[in-house]
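A short worksheet on the structure shown next.
Letters A, B, C and D mark the chains in the order given here, with residues in each chain numbered from 1 onward.
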Amino acid sequence: MSMLFFYALIGVGLFTLGLLALVVQPHLLQKILALNVMGSGVFLLLVALGGRSQPVVDVVPQAMVITGIVVAVSATAMALTLMLNLSRSSPGAQLPEDQSADS
Amino acid sequence: MGAQLIQVDWAVVLIMLPLSAAMLGFLLPGMARNIGLLAALLILFTVVGLGWQLTQTGVYSHVAGGWLAPLGIQLHADGFSLLMLATSAIVGVAVSIYSTGYFKAADDQRFWPTWLLLWAALNALFLAADVFNLYVTLELLGLSAVTLASLTGSKDSVSAAMRYLLSTLLGSLAFLLGIGLLYHQYGSVDIAILSERVNDSTVSWAALGLITAGLALKTALFPFHFWLPPAHASAPAPVSALLSALVVKASFYILLRLWLGLFDFQQDSTVANMLGILGATAVLWGSIQALRQIRLKMLVAYSTVAQIGYLFLAFPLAQTGGNRVWYAVAYLMLSHALAKAAMFLVAGNMMLFGGHDRIVNLDRVVQRLPVTVAAFGLAGVSIMGLPPSGGFIAKWLLLEAALAQGHWGIAGIMMLGGILAAAYVFKVLGYAFIPSPVPHQAVSVPARMQWMALLLATLAIMAGFVAQPLMQLIGIGALFDSTGSMP
Amino acid sequence: MEAVGLWQSAFDLMLGFSLFGLAWRMLFCADLFKSIVLFITFGLLMAIAWVRLEAPDVALAEATIGAGLTGALLMSAFAKLRTLDNSLKSGQPLLPRPRLHVINFWIALLFTVLLTGGLAYAVLSLPSHSPGLSDAVMSQLDSSGVTHPVTAVLLNFRGYDTLLEMAVLLLSIQSVWSMAGMSDAGEVHTSPVLNVLIQLLSPVLILVSAYLLWVGAHAPGGAFQAGSILGAAGVLLVLSGRPLFNLKKSWLIRLMLVAGPAAFIALATLTLINEGQLLKYPVANAANYILLLETLATVSIGTTLLALFVGSQTEAVQQDQSHQ
Amino acid sequence: MIWNNWIPLLVVLSSLLPGLVIFTLSEKQWRVRTFLNIFGAVAKLGLVGWMLWGVYHEQHFETRLALLPDLDLVLRAGPLALFFVSLSTLLWLVTTVYAIGYLEHSPHRSRFFGFFSLCVTATVGVALAGNLITFLLFYELLTLSTYPLIVHRGTEEARKAGQSYLTYTILGGALLLFGTVWLYSLVGTLEFTPRGFLSQVDAQHHPTLIIIFVLLIGGLGVKAALIPFNGWLPKAMVAPAPVSALLHAVAVVKAGAFGIIRVVYDVFGIDFAASLGVTAPLAWLAAATIIYGSLRALFQDDLKRRLAYSTISQVSYIALGVAIAGPLASIGGVVHLVHQGVMKITLFFCAGNLAETLGVHKISEMNGVGRRMPWTMAAFTIGAFGMIGAPPVAGFISKWYIGLGALEVDQGWVLLVLAGSSLLNAAYFLPILHAAWFRKPPEKWPHEHDFGRHETSLALLIPPLITASLALLAGVLAMLPFSPLEWAKLISVREFYTP
């Protein structure tokens, strides 16, 4: 039973870890990865806590997470396309602000 | 006939219609424009139908799939939904017509299906009564908005769209985590059920924080506004109009609904006051930044940051003085949507006309595009909150609430914001009258693009004269008539 | 019994910490390629975690979409990025360190730690037992037309969410096409070994997909999983250099992309008219309706995922700026 | 008499609708435009005449439309409202004729006349407003519709003048709005009521009411050009002459002064205001403005600027008369609303004629203009004597009543102000008259146009002659019924003081 909470806490950890990386990492690919990790964290929390309804697992969060995974891949595809477009016009795949901090 | 029409599920049609049109447009790219225009008109018609239905029968609700909450999903339409749906329909139709002049035929297949999906997302969002359903509509909305924002393909617009995408995804994830926590504590994602169950608990507070932060990010509340000005300024003009007028309002709409439905367990005003302070900062910061801009679209975009601030000023007022102040906010959402859409359309006209949007080089545009400048002026009146306009009515109501409760700070911020707004609006108008040091050839702007801007601006003014009937409409379902949590 | 429980607990602990550690390494390593590899590994471990959490459907979706397709997307984007960005070619440490000011970094870290603490506190305050909606799902399962509860939720109880979900998928391909231009697959490097493998694998994958679709009514599986496997098969075919078909102009492709959402909308309209509520299936026909929806959704999901992969592979057409 | 209820609205619409149509006309359609302008003005005049008659016989004219759930848009024709409406309607007609002549060959006339009509609409609305929110609505509309007129010429100087004008008026509008909303949240009504509606307010709110009074008067004082809020007025002289005439005599400045009357008498009530102790400072402020304006006028060489400072001084007579808080003084103040209007508009018309016909803008260039343009300068002379306060021109009547009123309530110092100001007026007007009539004209005028038979075009000449005659008649025939003075007495009896 407490393992469910352990997974949920790992989910929280992934969420905040992703948030930290999203904020501090300059490269867009890293930011995209960070968002995916955040998403995984949320999903993990959702599904893990759904296991508290023994004997039968609550599947509604599972259905929600499947929905969420599809959204995530759609968003990732869009983000990667945008990133490639951006790096065509300005190499480095970083947002302008982050670049100017460099110079 | 009437009896049958009143049975029609207008609300469901409002979701299915743009979705179907988007698919048709996707299948038949060559006809996307005509399909879209037809759909736009039908949506307007359907909203009228829904409005009539609501005035006759009161609040509308629909049980999707025939499964009652908490198992299934319900749709819900009251006066506030109606207001937002109608605003979207009006702005949507005007922008649709405008875009036929703005986009070349080759761009049609990139614009129309996405825009129709965005419209579907908006309608679905305003009708949702289920927080997870809201999450899905939010994602559909955010992703389609980002796509539209990147349409020009310029370097600026791509980087702005990227930033927008990251922000909107982050906001959605925070929202999702919040509703996940709520679900696991209270066992439902239906707003009505949740609102009965939610109490003052740790999880409620965590959800309150996550959801509020996520939605504030999507609404571009200061200091989360960083993504908005570049995204709105570098998008194509009709898209900027949609983003500023409707998309940021949608996330605020959710915030307000949840605030009234779920988060009324708060016994003190800490969070409300914090939102109010951020709103006040947004008003000042956005206005000052707008004043400092040299490009028209950036100016208009920063003006949106400021105007969003006004929406948040109402949180502390509602906390101490009751929910009636939300009427003012609803009114502000309407009039800002109309006026700001008009302003972005104007900016699009001016860019088309002069090939740039530097304010000091507008070069007697008042004589060459009188209709466009008139639209800017009228929209500006509403943005400044001067009478007679929808913006004035909203500002009057807010100010009245602030003064009646002795919220001097808020009242002062509102006055200051109005003055700054006047400064940036008239900065543009002043340069519209004088010749530019480097005069340029005027490119002709299609008449429909000019008249659509004027139409929206005129409606923003007219909104100042129909406050009473409009508020009756908004009041269907009495969402704002309950007293606040603190008597 | 206790021993098994202990082993399981140890496994769970290891899995959880590995997930976290992997994520840490992935997000804070200086080599993008490594990050992507770690991400795929992370996805596979997530799939195992889903199995441990009795969520085989999610595990399937994670393995195919989360790890598989997203990984493929990331890889192909990285390859593209390397051709665009010289700094990535040199093999030097690729990424600059986070350039935040030291103080800002510590503030961010502090905030993260506080947030983690707060959220953890909230999570731990949840009751240790909560039925959620499992009772409601189980009691209505009989009238849903399927016996697998996840499918019942996705396609029936919360079918309206899935309808919008299909719209998101359609949007994603519309979006990628409109952002990246709409040319066809670019050149792809193939290897003979891979080719043979793919030729053997693709039919198997398509079969697996069909099986998952069919089995979804009563066991883990269903449209999303089947569709993603189908998409994966397509991706493999593309990777082997097989000219699938002209992605841009083919109306057939467009039709396949639209089939799923269109089926949802058609059915929603039909049920709205006949039953008075959108996506309310008459009990007798529910199974058939769901199978129809799932079949078409599988086609659309598979095509969309494939098209996303192909679309992101292609060179963006430098779009002329409309009126800018 | 149900349709009496629509007449105030019709009065507003009679310039609004022509104005909106004019915007859509092309430059070439000058006939339609002129017809619309004149038609609107004449129709308005007719409606106003009817209402004058009706109000004299105690009929009620009130249009009431819902604006907010518990606030109405009210247009009501009381005696005071009609007083101002008559002035602006009459002068609008005259100014329209003048403007048609003045702008005969200049570009963008549709825009000009469109805003011109809006401007008058706003003024009439200000006059007819039956509560403070309606007043505010039209007051801001006035700001907005005058801005394009000020920047009409499209030069950098005009843009700056417009900006300065807006800076002042928007700030003023904000003060007014703030005060209005505050008042509303305090007492829950904004309806203008004869003898005020605040005297019943609980004593603990009196300090608040004083602040609100300051806010309202501050907001109105910007347009009424009280010190220290009058920096915009001289700069706005860059606008075409008919606009200046409008700003100074008919619309903007008057709206401010009229608002002060409304606030003092119909919101606070003069007795209550006096008991709060707010009228005396207002009177001092007005007196200071009178002297300040006159002093500044002395040192201007630009004719229009001198007239502008003169306006600052003269308009404050209205505020002064109001603030002295005596029945006779209030009559003097109110009647000056009309008197100053007709006199000042005459002066601006004449200044415009000089500029347009001879290119004369400066006083130092005015030597001998009386011989070249005798009719114009005759009108100018009447106006100037009126300003000085010499009988029998109308200005004398105002000063006389203000003086008497001051004595009535033992405010002898006001006489000193009046005397000093009159001396200053004489000091800055008489040299102009002397130069114009008795000095030798130059060989060549700066920029002369030939208008054929008459000294200038008839459209330019007739309006100042009409207004000059009006100024004269208002003085000579002051004791006849329907004269401005008699009407001001009627107002005083019906609206200001308990008989």
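The working rule: contacts are C-beta pairs under 8 Å (C-beta built on N, C-alpha and C of every residue); 3 or more make two chains touch, one makes a residue touch a chain.
This structure is a prediction, so every number in the text was calculated from the model and none was measured.
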Chain pair with the most C-beta contacts: A-C
Chain at maximum distance from chain A, centres defined as averaged CA atoms: D
Central chain (distance from its CA mean to the mean of all protein CA atoms): B
Inter-centroid spacing, chain C versus chain A (mean Cα positions, whole Å): 12
Averaged-CA centre spacing for the pair chain D and chain B, given as whole angstrom: 43
Mean-CA-position distance for chain C and chain B (Å): 31
Rounded Å distance, chain C centre to chain D centre (Cα mean): 73
Junction residues of chain D, two or more chains touched: none
Junction residues of chain C - those touching two or more other chains: 119, 123, 126-127, 130-133, 137, 157-158, 161, 165, 168, 171-172, 175, 179, 316, 318
Shared-contact residues (touching 2 or more other chains) in chain A: 15, 19, 45, 49-50, 52, 60-61, 64, 67, 71, 74-75, 78, 82-83, 85
Chain contact graph, described as a line, ring, star, complete graph or other shape: other
Pairwise chain contacts under the document criterion: A-B, A-C, B-C, B-D
Residue numbers on chain B that touch chain C, as the complex places them: 9, 12, 16, 19-20, 22-23, 26-27, 62-67, 70-73, 102-104, 107, 109-110, 113-114, 117, 120-121, 124, 132-133, 136-137, 139-140, 143-144, 146-147, 150-154, 157, 177, 181, 183-185, 187-188, 201-203, 205-207, 209, 236-237, 348, 351-352
Parts of chain D lying in touch with chain B, wherever the complex brings them together: 23, 65-69, 107-108, 111, 133, 136-137, 140-141, 143-144, 147-148, 151-152, 154-156, 158-159, 162-163, 166-167, 170-171, 173-174, 177-178, 181-182, 184-185
Footprint of chain A on chain B - complex, ascending: 132, 136, 139, 143, 146-147, 150, 153, 155, 158-159, 161-163, 165-166, 169-170, 173, 176-177, 180-181, 183-184
In the complex, chain B residues that touch chain D: 364, 366-367, 370, 374, 377, 381, 384, 386-388, 392-393, 396-397, 399-400, 403-404, 411, 415, 418-419, 422-423, 426, 429-431, 433-435, 464-465, 467-468, 471
Residues of chain C defined as touching chain B within the complex: 118-119, 121-123, 125-127, 130-133, 136-137, 140, 156-161, 164-165, 167-168, 170-172, 174-175, 177-179, 251, 254-255, 257-258, 261-262, 265, 268-269, 272, 275, 277-281, 316, 318-324
